[in-house]
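As written, the chain order gives the labels A, B, C and D, with residue 1 at the start of each chain.
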Amino acid sequence: MSNILEVANVRVRFRSQGALQALVQGNSDPYIDAVRDVSFSVKEGETFTLVGESGSGKSTLAMAVAGLHKAAEGSILFNGDDVTTMDDDAMQTYRKQISFMWQNPVGSLSPRLSVGSLITEPFKIHGLKQQDLRAESDRLLKLVGLPAHFSERYPHQLSGGQARRVGVARALALHPKLIIADEPTAGLDVSVQGEILNLLNRLQDELGVSMFVITHNLNIVRHISDQTAIMYLGRFVELGDTDAIFAQAKHPYTLALLSANPEADPDAQINRIELKGEVPSLLMRPRGCEFHTRCPFVAEGCDQTFPPVHSDNQHWLTCHYPR
Amino acid sequence: MLLYITKRLLLGVVIVILAVTVLFVMIHLVPGDPARILLGPRATTEMIATMSSRMGLDQPLPIQILKFFGNLFRGDLGMDVITKRPVAEIVFGQLPFTLWLIFTAITFAALIGIPLGCYSALHRNTLIDRITGILSIACITAPAFVVALFSLLIFAVWLQWFPAVGAGERGNFGDQVAHIVLPAFAIGLSWIGYLARLVRASMLEVMGENHIRTARAYGLPERVVVFRYALKLAVLPTVTVIGVGMGFLLSAALFTEIVFARPGIGKLIYDSIITRNYPVVMGSVLVSTILFVASTTISDLINAWLDPRIRASL
Amino acid sequence: MSDNVLTIKDLSVHYATNAGVLKALRHINLDVPRGSIVGVVGESGCGKSTLIGSIIRLLADNADVPNGSIEFEGNDLIKLNQDQMRAIRGNSMSIVFQDPMSTLNPVLSIGRQMVDIQYRDKKSYAEKLARSTEMLASVGIPDPAGRLKQFPHEFSGGMQQRISIAMALQANPSLLIADEPTTALDATLEVQIIHLLKELQTNMGCSILFISHHLGVIAELCDFVVVMYAGEVVEEGSVRDVFHRPTHPYTQKLLQCDPAVIAEKSRHLPTIPGEIPNLVEVPPGCVFRNRCEQAMEQCSTVVPLWDECRPGHFVTCHRARE
Amino acid sequence: MILLLKRICREPMGLLGLVLVVLISLSALLASVIAPHDPIALNIVDRLQGPSANYILGTDQLGRDLFSRVLYGGQVALKVALISIALALSIGVLLGMLAGFGPSWLDNLIMLFFDTIRSFPTVMFALATVALVGPSLSTVIVVIVITSIPNYGRVIRTQTLTIKNNEFIQAERVMGASLGRILWVHVLPNVMGPLMILASMDIPTVVALEAGLSFLGMGVKPPTPSWGSILNDGYTLIRNTPWPIIAGSLPLVLITLGFTFLGESLRDLIDPKLRKSL
């Protein structure tokens, strides 16, 4: 199976100080790296999931893939075309083929437009006015399991789950090849989370669309993802088949994340790997392995040299002492 | 922090420079020669030429502006062509009257308005709150010169409680106080309403914030919650508003000074416009602009200093 | 029965809204035994926040308590006046709120705030400051004395939540209410806070009423659990009873739905179809009826009673005894 | 729209505001029909009279009927207010959205422009301008437009900046929507509400400014009736008769109250969160 998206050595930087302030304080490099040296690929018809906690740079990476942030280094190939060097026309064509699902279900819908206008917005943007918008709106609503009369409603009249479905409908409007979903279950109750995940799974099975999902919730990853990567301080620390990550994670951070998830069983055997302290600031990345300040298994050399890459059989990680 | 102060001050200077440039450009764009307007229709070409060169109007615009700033730097605002006195001397002679008037008005407004706003916020939807609300709007909406006219009519002409014109005898403090009451009232009245509403709104907002709920959940006495936890935050916006309000205060002062025939920078501008005394108009508009820019700058700095969140981000 | 720190009986809370009277809580029963941790679990709109508001008596202005009692250390909190209530708050009863970023006053230093809440003690300022330093140290804040001078925004979210806990426990309360204290935090920090709470509770011997929507956290931390749905308590019992033998259909469904529980990879997860009923016009019968797969005829007419299906395990369901 | 009107009428304050605004607007529009006398016709015999059946608000020093002058003065006030606010609003919206959405250098430039204009105390700027070009109605309008642009522009810019970072705008960008479409379809409708409220609350300020300038003799040229010039007459006659002052200030206060009440209840109905920012 071919790769629809290939990301290689991507780095995304932000200014940390204004130009004047940097000049005054003699800071020659007033930038922070939100994403650093990240590589992965999404196979056609599969789901790639990126797991990370707040501040890990996962949303920044998603925005870079969508062309909203400029990558300072590296390449992002979509069907062989590099997103980072696209001109306006190419970008427009690219955006026709991808779609983005936003974290905030209600907030990502333009508040003054009705649901019907919202989900047909992609047609209007790309000048496809010959389409019967009414019919398209009905088709899309049906696809995500909402009754057709919902097209008259406004975003503030929707519940979180319904707004999320509208977001999915809009994402599907132009038959995208790739959907980027940022925290698709954020802010939803447990009972509604299932509905959205089932919907995404069903749509992938029926339409064969590829997905790039960003989440902090490991629980949902198992049920939707084919490949999973774990991100810490803007870098990938482990990447592999989802089953392999859940069954035999080797990086201490992945293990900590997996075990940090309390089970809904009071008698569960807790074999927890607890992390010390908090995520360091991007302004001062730790020396050596960037995870060593919190790693429970920190040993000699971790604070000195950058950890080596271990890669075999689609399972990739960087650690001095993999478990 | 230091960087912020420098930046803010620099911005102020840039704005003043731009403002002066705008004034100069305006004088130049406007059809008609200021010297001709000044001297009237019967002036000879020679007289106009002499006047032009005395006013510096015969030089190119950039030179005029540069010269003006050069002089300004030395505290020289040029010469009053009519009385032959330095403009700076005239303007700074009038300035204290206006400053005292504004200061009295705003103090009086703050002393009444802020407590009133607090009280309304804490006793929301009571009768007193409603009445304060309506009165505040009524106060805000009354233009200063209308208030000035009515207070002149009622308190000076009919009741004769306060003197009608002037600023009082020099050196006679009691007389000066009697003379400042009505003008200060005319300027301050709308500010009472304005401040009351502002403090009420921001107090209500602060009282609804989570940390106030926390303070109450720890059983802190209501007095401490209101005065130590809420008021400090609620008063922050008033600092900005008063700073920006300097412009309105100066405008209001102009009207009141005219109505009460009170010396001050507003009356000076008006009188010099009537006599077409451009150097004085320029000088006094410039000084009031500097005053305004300075007060917004200072209020920004005070705000930054009062709020640790802003302080830290600098 | 006196071994309960908190006993809520038949509590109802209504809100006057434009659409009519919103019956946010209806006939709630709840006990917090001394020295134990009781979890309250429920999805959005179940009335968790209203419950907390009525216990600490900080409800919105349009709220009304038509019936019920909240007994805390021999007082019925509903009957106390504001001054008496204030004497209890922050003294024998404290609270930790959900969003650590907004619960601390942004313009006052941490030390100032921690000293302020000790206003009841007749100690010197230095002694109070020492007490606060000690509390900060006990919640694991490095260099506590130095950090007392700092302002809230200078701390990370996890640290702010630790400070909130330190403030809440400073007066040695007998009941600590924790309102979703870990929801705003990342998973690895959540675990740290849960451990901290458990440790402090063991050391200080207080009781905790812990509100969360996270079943896993409840299972790990709590001794007892209360399940709420649409303004009612539908099930209550020891954590083991409720999690191992869930009796109310809602609890059963909720436990099934949690993606964390489903260890097998599944392309089709269980859900609870339907929505919470409108609480302005509460339908007759059982509130969960319209979403319940096991509903019978009497469920739509008769309100199920608060029933002890096993010793210490209460449930409101017509099928509880089956 | 009709729904909004109904909701305004339900509140006593809003209803009062609406009634006042409609009443004054109508009386100004229909001045030629209602006015019992010619506003500029002199009648020295009847000068300085108090209110009577013939002269509802009395007469001035030239015997002109004050009531008629007040009615015609309303025309001037409303004309100035509507034209200048409409102009300032359009330019302000354009510049504000450009500043909010454009590159940062453009933003800085526009803000500097706004700050410069704002740095002149309004009335002093107006007087300086009038001194240069001479008093006239169009001078007043130009001055008001120039000094109001920054007010609207700043509000629009702040609103645009907040909206710009909202997810729904980001969503449009990822879908490939053009800048024009984003501004026109998604930003403008969301900033228009607050702006209309701001504008309606600004009408009194503008009316007062026009009256103020006319009071100083720097607004409309006599004998054209204006509330400000009536007040000026009253000021000179303050020791003889109070009626010109009362006649000139009454409509001024009423229209101010009307628009303020209306604007306030509009704001409370449309967007209660706005309380602080306006």
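We take it that a residue touches a chain if its C-beta (ideal position, glycine included) is under 8 Å from a C-beta of that chain, and two chains touch if they have at least 3 such contacts.
Note that the structure is a prediction, hence the values are computed from the model and not measured.
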{"item": "Chain pair with the higher count of C-beta pairs in contact (A-B, A-C)", "value": "A-C"}
{"item": "Centre distance in Å when chain A and chain C are each reduced to the mean of their C-alpha atoms", "value": "32"}
{"item": "Geometric centre distance via CA averages, chain D-chain C, whole Å", "value": "53"}
{"item": "Topology of the chain contact graph, where touching chains are joined (line, ring, star, complete, other)", "value": "other"}
{"item": "Contact pairs between chains, per stated definition", "value": "A-B, A-C, A-D, B-C, B-D"}
{"item": "Residue ranges of chain D in contact with chain A within the complex", "value": "166-178, 181, 185-186, 189-190"}
{"item": "Complex interface listing, chain A residues touching chain D", "value": "66-68, 91-92, 95-96, 98-100, 102-104, 107-113, 121-122, 125-126, 170"}
{"item": "List of chain C residues in touch with chain B within their complex", "value": "56, 58, 86-91, 94-95, 97, 99, 102-108, 116-117, 119-120, 151, 153-154, 164, 167-168"}
{"item": "List of chain C residues in touch with chain A within their complex", "value": "43-44, 156, 158-159, 186-192, 194-195, 213-220, 239-240, 243-244, 253-255, 257-263, 265-273, 275"}
{"item": "Residue numbers on chain B that touch chain A, as the complex places them", "value": "3, 7"}
